[in-house]
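Below are two complexes that have subunit A in common, paired first with subunit B and then with subunit C.
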Partner chain A sequence: MSPATSLTAIGLVIVATIGIGLFGLRISRTTSDFYVASRAVTPRWNASAISGEYLSAASFLGVAGLVLMNGADMLWFSVGYTAGYLMLLVLVAAPLRRSGAYTLPDFAETRFESAVVRRICSGLVVGIGTLYLLPQLHGAGLTLQTVTGAPPDVGAAMVAVIVVINVAAGGMRSITFVQAFQYWLKLTALAAPIFVILISWRSADHPVGLLASLQGAGAEWAEPLSRAGGRDHPLYATYSLLLALCFGTMGLPHVLVRFYTNPDGRAARRTTVVVLALLGTFYLFPPMYAVLGRSFAPDLVGHGADTVVLELPGRIFPGTAGDLLGALVAAGAFAAFLSTSSGLTVAIAGVIDQDLLRSRLHRWTGGDYVAVNSFRIAALLSMTVPYLAFLLTGSLSLADTVGLAFAVAASTFCPLLVLGIWWRRMSTTGAAAGLIVGGIAASAAALVNVIGGPDGGWPRALVGQPAAWTMPLAFLAVIVVSKLTPDKIPAGTALSMVRLHTPEAVDVDRGLPYRSS
Partner chain B sequence: MTSPRTSAARRPIIPTGTREIDEQTRLGEVYMHSLIQSQLRLALAVIGGCVIVLGGIPLLFTLVPATRTLSVFGLPLPWLLLGVALYPVVYVAARIYVRNAERIEAEFTEFVGQK
Partner chain C sequence: MSDTRPTGDQGLTTYRDVQVSPDFSELRRRFRRFVFPMTGLFLVWYFLYVLLADYAHDFMSQKVGGNITVALLFGLGQFVSTFAITMIYVRWADRRLDADADRMRRLIEGEHE
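This part shows the complex of A and B:
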């Protein structure tokens, strides 16, 4: 692979990202612009932006890598990433938009009328966001290392700096355009090499069949539940993974913030349908890289599987064609790190700004500060912790780590949102109990994994894919504690239900629109 | 008074749905409860479909091991299902859901709409 071509392509993506970000700077004027793009983004733009933000290092590099290494069971990753939006659609999309809140902590505070529940949510947003940013930084390091041989720290530092500058400069409005652009870039970058391969093989009868690795002897990896990657209890792991991905999506901080940019509940639903089409199209491609990788890059199976998407074009087409396709893929990978990291950083920075920084800045400066500056400082803070964590952790599987962030979200925000929206007898104490029980159980499992968990058997299966036990545990905690504390049911529950569920066309009292402090 | 406006005087004040909801009367609560229940039933129907379709696939592979290697259109069945076929299914489920959710809301709006 020629470093020059790839570096040029990566450079172009960075310039385009910052360029659109700076363009956004001129049109975003107020704090409300910064946060939710004034809620005036059309569903089609918004769907591209949601998909652009969602398709992270885990989707672009990690899924192909996991399938290459561990076989057919890993195909559930892309299915789950997509099905998560279906669950989000049917359970929370419209009500959440109608709640009128900016962030998860805002939702929690208005629904449960409690600053304590809000604070727990803020902590969880920062925690989940950090766990999700970590593999993005690893992916960036890995990509730059594959392309140029530079140490991983360089790529990670590059992404961290660009994201902070971009978020601090443009906020959400410019991010929306950047994300929408990056979805289409990512799809093109992943699809183009596959099409070129298919076309060139049609004309020249290639000796190695496209599907050779799926058939015949040695194709055990292509069978589901075969333990090809040495993972025990594959049936449990499959169900637990599916649960985490399906119910974790709705609890990801960057996904939720993006939904507030829809003008109303109906638009939120329609946007989600477009998102499902865009994601389904994208996820057709990563498994193809894995199948081709088994034939053309078998050495990556043991080590460096996450680089298969980057390596494959050069291996199949030595020379200029491979260089150009390799550069395109590297650019797409960088788009993935930048877009997801930007979305996460906006979400985390929003929480740090509102809940930690703004009141303190106000006190220290005696009111003599600009709200937007507080957001900029928060943006810097939200990237610092993940970067330190990156420096402390060794190599890790991109898609597995992202899967853990989903598991924590499914065990905390999923019960909070689902029961909070649909169950009127949920008490504030129950909400707090669910967040704490699910949060502690899932975070502990995630932490053990990142540090390096048990080697095999049930312990590894249970810790590696915790959602199947942590998520029911959290739901149980909410329900049992709510039943025990009926006097702690928020007084405004009936009004909350009206606000969450009545269509905008109905002229009813929805309570005061929430104003953040 | 040659023409008393009897009809105007006799027209009762019709409590409309929005007022019932605003004043949180028993009737208003019934309206809200029925809206939430219809939407929840619809959501649970979609989730139930997912449990059967998505959840059924690993079970099928476990109970009928032959399906793990079965070849359909030259592709192994698991790869065809998980790599391609499920995406259109999920998309169609979302379309059906949105159509029904909007219908429930339109009916509700028509029912309680006027103030």
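This part shows the complex of A and C:
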């Protein structure tokens, strides 16, 4: 693979991202301008933007890598990533928008009238975001290493620096159209090599041995629940993964806020339908890379499976064609790291700024500070922790790690949202208990995994895919503790229920004028 | 959200009116009765799908034509079924939820006049 072509392509993506970020600074918008302006965006554009921000290193590189290594069961990753949006739409999207809260901590505070619950939520947003950023940095390091042979630190540092500068400068945040563009770039980058391969094979002889790899000794790879790749208890693992992905999406910090850009429930539903179509189309391609990889890059199965998307074009077409396609794929991968990392960093920085930093800065400087600087410091902090974590962790599976972020979200924010929206006897103590129990259990599992968990058997299955036990545990904690503390049911619950469930078209007073910005 | 009207007694009364109105309870109940079984069914469908792929092994590895197996079609069908469920929900929400919203609006705005 020739580094020059790929580096040029990656450079173009970076320049475009920074350039548009700086342009965004010039027409700098406030948060509320962003939401108001975005309300003029059609569901189709909005859906492209949501998909663009959502498709990360895990989708672009990780899914193909997992399928290559572990076989057909891993296809559930792509189904789950998609189905999460349906759950989000059906269970929480409309009530949450009516609540007037832009973020999960905002929702927690208005619904449960508690600064403590709010603070726990803020901590969880930072934790989930960090866990989600970690594989983006690993993906960046891996991509640059595959393309140029540079050590992984270089690629990761590049993405970290660019994202912080861009977010601190105010770019990305406001620009629906950049994210929309990123979706189409990623789809093109992933689909083009596959189409070129198919077309060239139609005109030439069918390559020998392509599908032979799916039969005979390697056949179990293509079969469901086959334990290929050495993952024990595949049925439990698959069920647990599905739960995490279906119910985790609603608790991801960078996902929810995008749903506010819909003017009403009808548009939100239209948007979701388009999102499902766009994500479904995208996820057709990673499995093809995995199948082709079994034939053309079998050496990656043991080590470096996550690079199969990057390696394949060069292996199938040695020479210029392979270089060009490889460059395209590398550029698409960088688009994936940059767009998702930016979305996450904006979400984390917002929470750090609002809940941890601003009041302290105010105290330390005696009020002599500028609010924008607080957000910039927060942006730097939000990337520092994942970067340190990146330096401390060895190679890890991209899609598995992102799956763990979903599991933590499903074990904390899912019970908070679903019960908070539908159950009027939920108490503030119950909410806190659920967040703490689910949060500790799922984060502990995630931590053990990232550090390097048990090798096999039930311990590995339970720790590797924790959602099936941590999520029910969190629901149980909320319900039991709420029943024990009926005096801690928020006084405003009845009002909250009206606010959450009365359709937008009804002109009732929805309570507190929530945000001044 | 542009709801910046000051909270006054007038507003609170409206809230309570909504809260105790049978239409509001009906709206919530109807929503719940649709949404939760739907979510449950959807999950059961996924879980069955995973099992089916395993137990109906011979059926799954039948070739439909060329190298296309039943399992492959089933795999793609999973995306199709997710899409189908979404469409069913969207249709229902467009028809029922929006109609309910209109009805409640007439009810509440009528009370104001």
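Note that the second predicted complex is superposed on the first by the 483 of 517 C-alpha atoms of A that agree within 3 Å, B and C clash if a C-alpha of one lies under 4 Å from a C-alpha of the other, contacts with A are read in each partner's own complex, and residues count from 1 in each chain.
Following the convention adopted for this analysis, contacts are C-beta pairs under 8 Å (C-beta built on N, C-alpha and C of every residue); 3 or more make two chains touch, one makes a residue touch a chain.
None of the values given here were measured: they were computed from a predicted structure.
**Student:** With everything superposed onto subunit A, say whether subunit B and subunit C fit together or clash.
**Tutor:** clash
**Student:** Look at A:Phe177 in the shared chain and tell me whether it touches subunit B only, subunit C only, both, or neither; answer first, second, both or neither.
**Tutor:** In the superposition, A:Phe177 contacts neither subunit B nor subunit C.
**Student:** For A:Gly280 in the superposed arrangement: first (subunit B), second (subunit C), both or neither?
**Tutor:** In the superposition, A:Gly280 contacts both subunit B and subunit C.
**Student:** After lining up the shared chain so the two structures overlap, which partner does A:Phe317 touch, if you call subunit B first and subunit C second: first, second, both or neither?
**Tutor:** A:Phe317 sits against neither subunit B nor subunit C.
**Student:** Once the structures are superposed on A, label A:Gly100 by its partner contacts, choosing first (subunit B), second (subunit C), both or neither.
**Tutor:** The second partner, subunit C, only.
**Student:** Touch check for A:His501: first (subunit B), second (subunit C), both, or neither?
**Tutor:** both
**Student:** If you stack the two complexes on chain A, which partner ends up touching A:Leu91: first (subunit B), second (subunit C), both, or neither?
**Tutor:** both
**Student:** Can you list the residues of subunit A that meet both subunit B and subunit C?
**Tutor:** 72, 75-76, 79, 82-83, 86-87, 89-91, 211, 223-225, 235, 238-239, 242, 246, 266, 269-270, 272-273, 276-277, 280, 283, 422, 494-495, 497-498, 501-503, 505-509
**Student:** What residues on subunit A touch subunit C, complex-wise?
**Tutor:** 72, 75-76, 79, 82-83, 86-87, 89-91, 100, 211, 223-225, 235, 238-239, 242-243, 246, 265-266, 269-270, 272-273, 276-277, 280, 283, 422, 494-495, 497-498, 501-515
**Student:** Which positions of subunit B touch subunit A when the two form their complex?
**Tutor:** 18, 21-22, 24, 29, 32, 35-36, 39-40, 42-43, 46-47, 50, 54-55, 58, 61-62, 68-69, 71, 74-76, 78-79, 82-84, 86-88, 90-91, 93-95, 97-98, 101-102, 105-106, 108-109, 112-113, 115
**Student:** Would you mind writing out the residues of subunit C in touch with subunit A in their complex?
**Tutor:** Listed in rising order, the residues of subunit C that touch subunit A are 1, 3-8, 10-12, 14-16, 18-19, 24, 27-28, 31-32, 35, 38-39, 42-43, 46-47, 50-51, 53-54, 57, 60-61, 67, 71, 75, 78-79, 82-83, 85-87, 89-90, 93-94, 97-98, 100-102, 104-105, 108-109.
**Student:** What residues on subunit A touch subunit B, complex-wise?
**Tutor:** Result: residues 72, 75-76, 78-79, 82-83, 85-87, 89-91, 94, 211, 214-215, 222-226, 235, 238-239, 242, 246, 266, 269-270, 272-273, 276-277, 279-281, 283-284, 287, 291, 422, 494-495, 497-498, 501-503, 505-509 of subunit A touch subunit B.
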